[in-house]
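What follows is a pair of complexes built around chain A, which joins chain B in one and chain C in the other.
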Partner chain A sequence: MSVKGQIGRRDFIRAAAALGIGGGIWKTAAREPGSMVWQLDPQQCVQCGRCATHCVLNPSAVKCVHSYPICGYCDLCGGYLQPGAKKRDTGAENELCPVSAITRTFIEPPFFQYTIDEDLCVGCAKCVKGCGLFGNGSLYLQIKQDLCVHCNECAIARACPAEAFQRIPAEQAYLLKTRPEGGPAQT
Partner chain B sequence: MTVRNKTGKPIPAWVWGVATVIAIGVVVLLASKDWRRDPPQSFRYEVAQYERVDPSRVLFEEREPITPDVPGLTALATSPEGRIYAAGTNAVVVYGLDGREIARHAINGSPTCLAVTADGEILLGMTDHVEVLHADGKPKARWPSLGERAHLTSIAANGEDIYAADAGNRVVVRFDREGNVVQHIGKADASKGIPGFVVPSPYFDVTFDNTGTFWAVNPGRHGLESYRSSGALISAWYRPSIEAEGFSGCCNPSHVAFRSDGSLVTTEKGLARVKLYSVDQKLVGFVAQPATFHDSPMGAFSCKLETPLVDLAVDSKDRVLVLDANKNAIRIFEEKASE
Partner chain C sequence: MKGLKRFVSVLAVLVVFSCDGEAQFRFPMPEFESDYRQPEMYTPPPGRTNDLMDVAVLAGALGVGAWLVLKRRSRPGVFLLTVFSLIYFGFWRQGCVCPIGSMQNVAEGILDANVVVPMAIVAFFLLPLLFALFFGRVFCAGVCPLGALQELVAVRPVALPQAADRVLGLIPYLYLGVTVLSVSTGAGFLICRYDPFVGFFRQGASFNLLMAGGILLLLGLYIGRPYCRYLCPYGVLLGWMSRFAKWHARITPTECIQCRLCEDACPYGAINTPAPEEAPISPREGTRRLGKTLFLAPVIVALGALTGMMAHDVLARLHPTIQLAERVAAEERGYFSDVTLESEAFRASRTTLAELYAAAHAVRADFKRKSPWLGAFLGLVVAWKLVALSIKRKRVDYEVDRVACVSCARCFPYCPVEDEDAKTQKHKA
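Moving on, here comes the complex of A and B:
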C-alpha cells in the first residue's frame, strides 16, 4: 500500500493513464463545487464483471464497498465463500474473490466480519453477486473518486449492460446503500 | 508525383477511391468495436449447476394459480376447513379450495405475516404488533407494540397459543388469545442448550407440525428448532450447504410448512427452490425448482429481484401454496400421482 503523500506505483500508473486519456483529469482531491462525477447505482448493477475490465485504469477505479449495517455477519457468507465450498474457513480453495481481497474475521459464534482490501480489489463484482443472491446485499460496487481520473465519458459506462452509470454532483459523489426502512436492525 | 504501377502506367483515380473507402471502412470498424476483453471466467459467479434440477426429482406439478386482485401480496395462510387467506396492501382475501373468492376484508396497511385460528379469527402481523379480525373480517383487537426494534415475520396459532417470530429482536413471542405476552422463546442460553436465533435478514418463520409441536426456523444456522410452550428446546437440525440437501446463504429456509403426514416443505431465498423433507429430515425431492419462478434461467440469479417466494402454506388437501411476488399470485403445487 502506498503511503499517503508519497507517489507510489499505483499513483504513477494513474497519472500515466490520465495523461493518456483525452480529456482525462489528474485529480484525486475533492472536485470543485458544482462539478459532476461519474458514479454507478448499486441498485441497477447486475454484476456483469465489466467494471473490472473496462475502466481505463488497471486495476479499476471501481471497488467493492461494504455496508456493515446491512451485513448479516454470516458464517456461510455468499460473498466470501465459493458456492460449493466444502469448508467454511479462510482456505484459499474456499475463497470466492479471485484476488483474495476479502478478509474474514471471527467476531463471536456464529458471526464473522468481512473487510475489503481496496488495494487488492479489482471491482469484479463476484462477491457482490454472491452476497446479493445468498446474503443481504451488503457488498456493492462504487467508483472510488480518489482513484477515478474522471474521464469525460466513463469507459465502463459505455460498456455497462445495466445503464448503472450516471453523473452526480461531486459534493455527493457516492450512492451508498443503507439499511432499508423497517428492516430488522443488526447488532 | 504520379504513382505508377509495374507497367509504368499511372494508377487510375477509381482505384485510389476504392482504396480510400476500404481504409475508412476498416478504421470505422476498428473504432466502433469494443476490443476490450470481456470479464474472464475467474470473475464470473457460477451457480448454474445448482439451479439445474433433474426433472425426476420434481415430485409435484403445478395447478391453476389463484391471482388475487390485491396489490403487493405479502402473506398467506390456510385454515383446516379448507380456506386460503392472502393478505396484501389494505386487504385480506379469502378463497375456497377451488380458488373462488369467498370474502374480502379491508385493513389498514400491509401485513408482514398472517395466521388463522381454529375458530376463524384472522391474525395480522403488522411489523411491530398484531391486529386481530373476527372471522367475518370485523376488527377485534390491536395488541400492544413489541417495541421499536420489533419486526414480525411469521405468526402461527395452535389452540390457545399464538406464536410470533420477531426478526428484529431475534426471539419468538408466545401470546395468549388476549394478546398478553406469556413467554419469550429461543433467546441464547447455554445452560439450557439454546443456541439463539441468528436472523441476518427479515426471514424468520414459525409453524406447527402435524402433531402440534412448535417449530421455529433458525435461518442463520440453516435449520429448524422445536420448542415446548415453556420455551424448552426439544430438538434441532441444521443443514448448511448449497447442495440440494441443504440450505445456503444467510437466511434459509426462508419459509416452512408441514403436511398432514409430518413431511416438511421449505422455500429458499437466493436459490428460489421449494423442497420436501421426510419426517426424519431427509430430502425427498423438489416441489418446484428455481426455473419455475423465473421466466429466464438466469432470472433466478438476478440481484435486482427480491426473492419471489414471499410466503408458503399447505392447504387441507396437502397441496403446497407459494406466494409469488413476481406474479402477485398464489402458485399451487400438487403431488404427482404415484406410478
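Moving on, here comes the complex of A and C:
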C-alpha cells in the first residue's frame, strides 16, 4: 500500500462523502421554506395548566390573550371570578387568577372590560377554563412569539395532553379565534 | 337590575348544561352606548428565529477554529474561541438550534417527504461535517457550546482504562440509532429532550435534567468531556468525517522525535502511542483472530437485528400514542382508579377508542419494521470495532486518533519540536 495510493483512497472517500451529504441535504432543503414557529391551537387546548409549568422559560412564554371582539363584557365573568365568589369585585378572594393578572374596568352598565397584564400572566389557563365554561371563550392561550426562544422540540408541545401544539409559518405566527360568521343571535 | 343579573346567570348555567364542552360564543357582542373602543390585541412578531446571522457566526467560528488549530497552533486562541462560543451559542442564543439537534430535523426531512427543513438548520447540520471532512473536528474544539462547557471544567483529567473507554464509546452509536428511529417513527426529538446542558444556558430545566447536567460536569472535572465522548450522537458523524480529514491537527508541527512528552497530554484519550515492535501475538495467530472476527461479523449483525426486533415493543413506548393507548387500555380494564391528563383529554376529544388502538397498532408495526435495522446497525458497529481491534497497525510516532481527537490543541504546547517558521523567526530576532 503506497502512501500515494492511500491518499487517493482518502480523497475519493472524502469527495464521495461530501457529495453524498450535499446531495441528500439539497434534496431535503431545496424548497426554500421560511422559518416555522410553535403555536398552540386554542380549539384543541384543554386548559391542563402544563403551559405554565413545562416551558423552558420561567415564567412561560405562553400567555393568556383576550379577543375583545368575542368578549361578552359580562359582569359575572367566569374567567375573572372564582366560582361561587361572594362578591363581584376586585377582592383577591374573589379573583380566579392566581397572580392577579386580569384587570377589571367598568365601561358602562352592565359591561366590564377585562385586560390581561402579560408581565404578570403565567399561562396557567385557569381563566381560560372559566371563560370557556361560562362565557364566550374570548380568553385563550397563545405563545407570545417575542418571548418564545423557539426550541427545536418545544417542551410544552411534548407535555401537552391534547396535541394542541404545532409548527406554523413565522409570518402568520398566531392562531387567533375569530367570531363565527353571523355570530350568535342578538338579543 | 339585580333580577336581570340573576336571570342572566341562571341562563348561563342552563346554556352550559345544554351544550357541554363545545359551548362558546354564548353571549352576544355588546352594543355600547358610550364611545368605547375595543383595545387592539397585542400579537408581537417572532423575535430572532434560526436566521442566517447564526449560520454566518457558525461558519466564521469554524473558520477561525480551523485557522487557530492548523495554522496558528494556538491553544490560547482555541480557548478564547471556546469562551466566545459558550457565550454566543450557549448563553446568548440559549443553545437552539445546535448542529447536534439539527441532525434530527435533517433526518426527519430525509425520511418524511412532507417535512421541509429550513435552510439555516440544514447549514447548521452540514457546516461542521464539511469542516470535519477537511480540518478535523474543529467544531468540537471551540464552537460547540456543549463541548465548550465541558472543555472549561476539564481541569484534572484522568485516563480511563482503554477497555472502559471502548465500551462506553459504543453508547453514542446506540444514541444515534435510537434517535434516528425515534425521528423516523414520529416519537420526537430525543437529543433536544435529554440535552443535559441546555438547562444551564437557559437557567431553567426540569430537576432531573439539571441534576444530570451537574453530574456530567462534576464527572467532567476528572473524565474529560464525558458527554462528547460517551453520549454525543453527532460526534459519531463528525468522527466518520474526521477519519478522512484532509488537513488534521498533528501533535508535532514537523517530525516526531519520540520524546514521550505528549504521552499524557490528551485529557480525552485521543493520542495513539507507537505500536510495539514485537506484536503481542504471533502473526499467524493474529491472522486467525482476524479471520474469526470477520467470520463472526455477519453473525453479530444478525444477532443485533434479532435483538432489535425483540426490543421493538419496549422501543415503541417512546411514542406518545403508544403511551396513551397503553394507559387508556389499562384504565379501561380498571387497573387504575384515577385518570391522567392525557387520558382525560383523549376522552374529551372526538377520537374513538378503536381509532386510538388502530393508531397505536400502526405505530407499533412501524417500530417492528424499523427496529431490526437499529439492531443491525449496532451489530455492524460492534463487528467493525472487533475487526479494527484485530488489525495491528504500524505506527512509529505519537499521533492523534483522528476519530476521537476534538482538535482542542491541548497537546501542542507539550511538543518540544519547533515549527520551521517559528524557528527562523526566532533566529532572526
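Basically, the second predicted complex is superposed on the first by the 150 of 187 C-alpha atoms of A that agree within 3 Å, B and C clash if a C-alpha of one lies under 4 Å from a C-alpha of the other, contacts with A are read in each partner's own complex, and residues count from 1 in each chain.
By definition in this document, a residue touches a chain if its C-beta (ideal position, glycine included) is under 8 Å from a C-beta of that chain, and two chains touch if they have at least 3 such contacts.
Note that this is a predicted model, so its numbers are computed, not measured.
Chemist: According to the stated criteria, A:146 is in contact with first (chain B), second (chain C), both, or neither; which is it?
Modeler: second
Chemist: Figure out whether A:92 sits in contact with chain B (first) or chain C (second), or with both, or with neither.
Modeler: Neither partner.
Chemist: Touching A:110, do we find chain B (first), chain C (second), both, or neither?
Modeler: It touches chain B and chain C both.
Chemist: Looking at the overlay, does A:52 come into contact with chain B only (first), chain C only (second), both, or neither?
Modeler: A:52 sits against chain B, while chain C stays out of touch.
Chemist: Counting only touches as set out at the top, which of chain B and chain C does A:76 meet: first, second, both, neither?
Modeler: both
Chemist: Determine, under the contact definition given at the top, whether A:161 touches first (chain B), second (chain C), both, or neither.
Modeler: So A:161 only meets chain C here.
Chemist: Can A:128 be said to touch chain B (first), chain C (second), both, or neither?
Modeler: In the superposition, A:128 contacts chain B only.
Chemist: For chain A, which side has the bigger count of touched residues, chain B or chain C?
Modeler: C
Chemist: Residues of chain A that sit at the chain B interface in one complex and at the chain C interface in the other, please.
Modeler: Comparing the two interfaces on chain A, one with chain B and one with chain C, the shared residues are 46, 48, 50, 72-76, 78, 110-111, 132-137, 158, 183-186.
Chemist: For a test of understanding, state which residues of chain A touch chain B in their complex under the given definition.
Modeler: By the definition above, chain A touches chain B via 43-50, 52-54, 71-78, 83-84, 88, 96, 98, 110-111, 122, 124-126, 128-130, 132-137, 158-159, 182-186.
Chemist: Along chain C, where are the residues that touch chain A in the complex?
Modeler: 1, 4-5, 8-9, 12, 16, 23-30, 32-34, 36, 38-39, 41-47, 49-51, 94, 96-97, 101-102, 104-106, 109-110, 116-120, 122, 125-126, 129-130, 133-134, 188-189, 192-193, 198-199, 202, 204-205, 240-241, 244, 246, 340-342, 344-346, 348-349
Chemist: Can you list the residues on chain B that touch chain A in the complex?
Modeler: Chain B residues touching chain A: 34, 36-40, 42-47, 50, 127, 149, 151, 167-168, 198-202, 220-222, 240, 242-243, 248-251, 270-271, 301-304.
Chemist: Could you list, by residue number, the parts of chain A that touch chain C in their complex?
Modeler: Interface residues on chain A, with respect to chain C: 10-11, 13-14, 17-18, 21-22, 24-25, 27-29, 31-37, 46, 48, 50, 56-58, 65-70, 72-76, 78, 107-111, 113, 115, 118, 132-137, 142, 144-153, 155, 158, 161-162, 170, 173-174, 176, 179-180, 183-187.
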